[in-house]
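The structure under discussion is supplied below as structure tokens; questions concerning it will follow.
Chain naming follows the written order as A, B, C and D, and within any one chain the residues start at number 1.
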Amino acid sequence: MPGLATIIAEIAAEMAEAPHRGMVADYIPALATVDPRKFGIAVVEADGTCHMAGDADEAFSIQSISKVFSLTLALGSIGDKVWERVGREPSGTAFNSIVQLETEAGIPRNPFINAGAIVIADMILGNHAPREAIGEILRFVRSLAGEDGIFVDGAVAAAEQETGFRNIALANYMRAFGNIRHQVELTLGVYFNQCALAMSCRQLALAGRYLMAGGINPATGHSVISPRRARRINALMMTCGHYDGSGEFAFRVGLPGKSGVGGGILAIAPGRASIAVWSPGLNARGNSQLGALALERLVHRTGWSVFEPVVGG
Amino acid sequence: MPGLATIIAEIAAEMAEAPHRGMVADYIPALATVDPRKFGIAVVEADGTCHMAGDADEAFSIQSISKVFSLTLALGSIGDKVWERVGREPSGTAFNSIVQLETEAGIPRNPFINAGAIVIADMILGNHAPREAIGEILRFVRSLAGEDGIFVDGAVAAAEQETGFRNIALANYMRAFGNIRHQVELTLGVYFNQCALAMSCRQLALAGRYLMAGGINPATGHSVISPRRARRINALMMTCGHYDGSGEFAFRVGLPGKSGVGGGILAIAPGRASIAVWSPGLNARGNSQLGALALERLVHRTGWSVFEPVVGG
Amino acid sequence: MPGLATIIAEIAAEMAEAPHRGMVADYIPALATVDPRKFGIAVVEADGTCHMAGDADEAFSIQSISKVFSLTLALGSIGDKVWERVGREPSGTAFNSIVQLETEAGIPRNPFINAGAIVIADMILGNHAPREAIGEILRFVRSLAGEDGIFVDGAVAAAEQETGFRNIALANYMRAFGNIRHQVELTLGVYFNQCALAMSCRQLALAGRYLMAGGINPATGHSVISPRRARRINALMMTCGHYDGSGEFAFRVGLPGKSGVGGGILAIAPGRASIAVWSPGLNARGNSQLGALALERLVHRTGWSVFEPVVGG
Amino acid sequence: MPGLATIIAEIAAEMAEAPHRGMVADYIPALATVDPRKFGIAVVEADGTCHMAGDADEAFSIQSISKVFSLTLALGSIGDKVWERVGREPSGTAFNSIVQLETEAGIPRNPFINAGAIVIADMILGNHAPREAIGEILRFVRSLAGEDGIFVDGAVAAAEQETGFRNIALANYMRAFGNIRHQVELTLGVYFNQCALAMSCRQLALAGRYLMAGGINPATGHSVISPRRARRINALMMTCGHYDGSGEFAFRVGLPGKSGVGGGILAIAPGRASIAVWSPGLNARGNSQLGALALERLVHRTGWSVFEPVVGG
């Protein structure tokens, strides 16, 4: 096969020509005004080599991709008690659906739909002030990526807060079942800020390395999370990482992945690579149209699907 | 790590002691009378070596595991047209749920819930008589396993037909939407017989080899299905293979797998092994209690989870 | 107010001019070929006077209106045990919805949705052959109307049987819960024939007199059903008689009523009149467009709404 | 029949002996501490005569009964535009269900479930401050009853605000669809205060007179609302006034009625009487257990069911 650098450059070139780019999220101005022609990809290999193409160094709003990092933090601090308040099953419904909560006692199906991530934010909030919890998340993501340039986009966070009525509804609904334990405003303060993290593809791919490497940050050799939990987060990304498009992503791409409404996707090829793509146009399920296509082609050309026979395995 | 033979023997020994064995399916006598203490495991490695322990040579009713083989057959005969009549997403509901069909125009969420597998049976029926379609499925499974001793248990098939009111309901419901195209009795004749296939763990693990090997039957070198489709079937097994317990199975085991109400599970470690386990007691979601536990331990001891960093990858 | 004869003639004249007549049911040819310009109305007063206008003497397929008569029969033969197998609440869903059955153990919400009426047919079938049960229903309706010319339209019954996949699905689904106790074919044989009753507006209004008169057939003075049960059937017609358009019908018309997909509506003004209207075009909820409009005008001009202050009461 | 005073006294005596009194609402202390042995009934006849028994002069929290008055106010101020934002169908679900909103674009099924009443409160709020809107509702109810002693229980309103997470969720959810147009806190401020109205049975029965009398307050002769709208409010009370117990209430009682979680029920016998009952114990659907029983007996003994042949009609 051609070298990875070549593959990535080819994919970026192909994506530049792609006629169907999806629709940019327009519920807040900060997202609506992003140029739909943007496309970036960054691949960090197990040995630390980083390949990039397109707008891989431009920061974008990672949105729901942050749910991977917040889940990791929560597992690190309260362990398997996380699973008393959130499930591990695909929801079969949209990212912001409230229906399932009514019949399942306010326990969200998984930590990657909005309701689940809000519960996780409530856990991280713990006994802290929201500002501290947000600081903790930010420090965690910076340390994962080894970059101090990652920041929370205050304009995005403020806009989310102003327009996030469905999320406020979800949080209050779960509060009614006792599954949100802080004032809803505080918990959502954490959640909206976490979603407003701005990162480039390069930073995101760097931050995802521990999931490629059995829970260890290969740059430092330090354990971020146990190998078992790293595997399990990957499993959740596979079954639940793209809302009601998770099955389709697994079918086409075959990697654990987590998408965000800003157009980013973080995908993990265990033992091989941590991959971030970004293209702001979304498909009907709210996942990056070209991001998924680029990953499909990358996996096809590298043989990295986890469902492919292991080369030399 | 200890050799695979040792691992498997240990697991079988552990399962013999397991206190919580689940509940044996009791909706038909042929299943209800199976001894709940049964446990079998067979692992066929990429090189063809087959390890077995427990009741691995005893035939049991494979039930929904047959949906993997029927999907493969249908993809082989009509290709991607399959996806015009059945989806690729986890359903978030029980194996025999009818709810989703009402709002989604009679298109089942995936080919591994009952409704989806009935549509697949309708495709396989094509222009044949049910007897011929059943014969085709039987020949296909025999050729995959390289064993002529596989048979359809007529008593099971007859009992399914007599008690399968929910499946009859599903089929008629989809017929109302035009998504079942033959007389319901004929399509269900195929479906009930396919579910009544009796196979041993050894036979099942042998039959699953093509999914481990990129679509090729390693015993014959012949292509069963394209590599891409083999990957995709694995993906569907991962996201949808255990009904509303699919997320949990991915979380705990991390392999594509398909369970049946007879207590069997077929699991695939791509490039490494095709694995069949059998223990008749079921958990609350209708999946083999000890089967899943045995696979969890096997994967833990071998490092075969697809979410684990590839050894030497 | 003008005399009732005048009011009815006026309404018929107005309906002849109505521009929006709805869509004629087209799922079976026998219904699809009915002339959409048809309109009939018949009003039988408490003193027995019968006023008619339009096509009030032309037989049409009464379809779901038959559910009122079959419920009456079942209450007469097994009494309040009826309510162990069917509920008394509006369903909030379409006439042929299956969703609610899944979460409510196969107990239909009320006897006027299809699922409920199929359970009632199963009760009437009892220990009889379908032919006898159908004969019993036919004799009952003939005796209510005092007319021997009422018949079952065999072509309609046969067509229902051939195309009624959703009803077959409903019946099998409830059979799976044990709430259908005969072979589904037998129960549906009764149901499809009952729905195929052909009656004119005049015959229908005559047949409904017992509900106007506290359970007594005013023509014979014989008790059809107890006063309490007559009231309760009226209540069910009010809350559940028009499927998910029941609220709207109560809001606009304010009488207990039961519609059929053939375009008929039977409405009861307790103590005052039994009313039948017929116009084949249906609204979006499957209820007669002009039938409801005609009743709205009739009630407006007569003051017969049960929600109106009783004149001299 | 015995005189109405006797009937009412008998019913009150029977209720005092009733063994099954239901469960008192306990989600806020102000309701939880009400004595479950309380029972009151007041009947105001068309001629103005008022009969009372039991605790008919003791104020209780009318809760959802207030939805009748707020709907009347909204219809008076913005007319049929009300129906652009709220439906007229029974919901088939519990009073606080959120499920239906998701699939129906944030339009509540009817104005008597919580979601619907919150939309109505949003309409009443209009361009006012919440304090003014609450004042308007209070003045309206006082004028209907002809009593200045009616007040808002501030402790109840405050407690609702503190614990009303589901209602906050509903309001935010509808806000996301644009069907709440003010700040959620303001709209809910109106709603929670309206629900906290404290009234006695006597006051409530007096306030309901306009619905008995075709929209006219018989004490003043002034029109409260048009006769058509009075009829229609009665119709909505019949089909939707008891949440998912509305069918049962129509079946047993046969009067338009509206219940509240404080244990009150307002029922209307058009042209005959406005009736209020109160007993704090609730049945499984959240409606007053003895209140419904008392009304059933009252209707049985007076023949006031709207489904009964009109006496001399």
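Heads up, the rule we're going with is that a residue touches a chain if its C-beta (ideal position, glycine included) is under 8 Å from a C-beta of that chain, and two chains touch if they have at least 3 such contacts.
A quick map from chain label to UniProt name: A, B, C, D = Glutaminase.
Being a predicted model, the structure only gives us computed values, none of them experimental.
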item: Centre-of-Cα separation between chain D and chain C, whole angstrom; value: 31
item: Centre-of-Cα separation between chain C and chain A, whole angstrom; value: 55
item: Chain centre separation in whole Å, for chain D relative to chain A (CA means); value: 48
item: Touch-based graph of the chains, sorted into line, ring, star, complete or other; value: ring
item: Complete list of chain pairs which touch one another; value: A-B, A-D, B-C, C-D
item: Interfacial residue positions of chain B with respect to chain C in the complex; value: 97-99, 101-103, 165-166, 168-173, 175-176, 184
item: Touching residues (chain side chain A, partner chain B) in the complex; value: 46, 87-93, 100, 109-110, 212-214, 227, 230-232, 234-236, 238-240, 244-248, 250-252, 254, 256, 270-272, 305-313
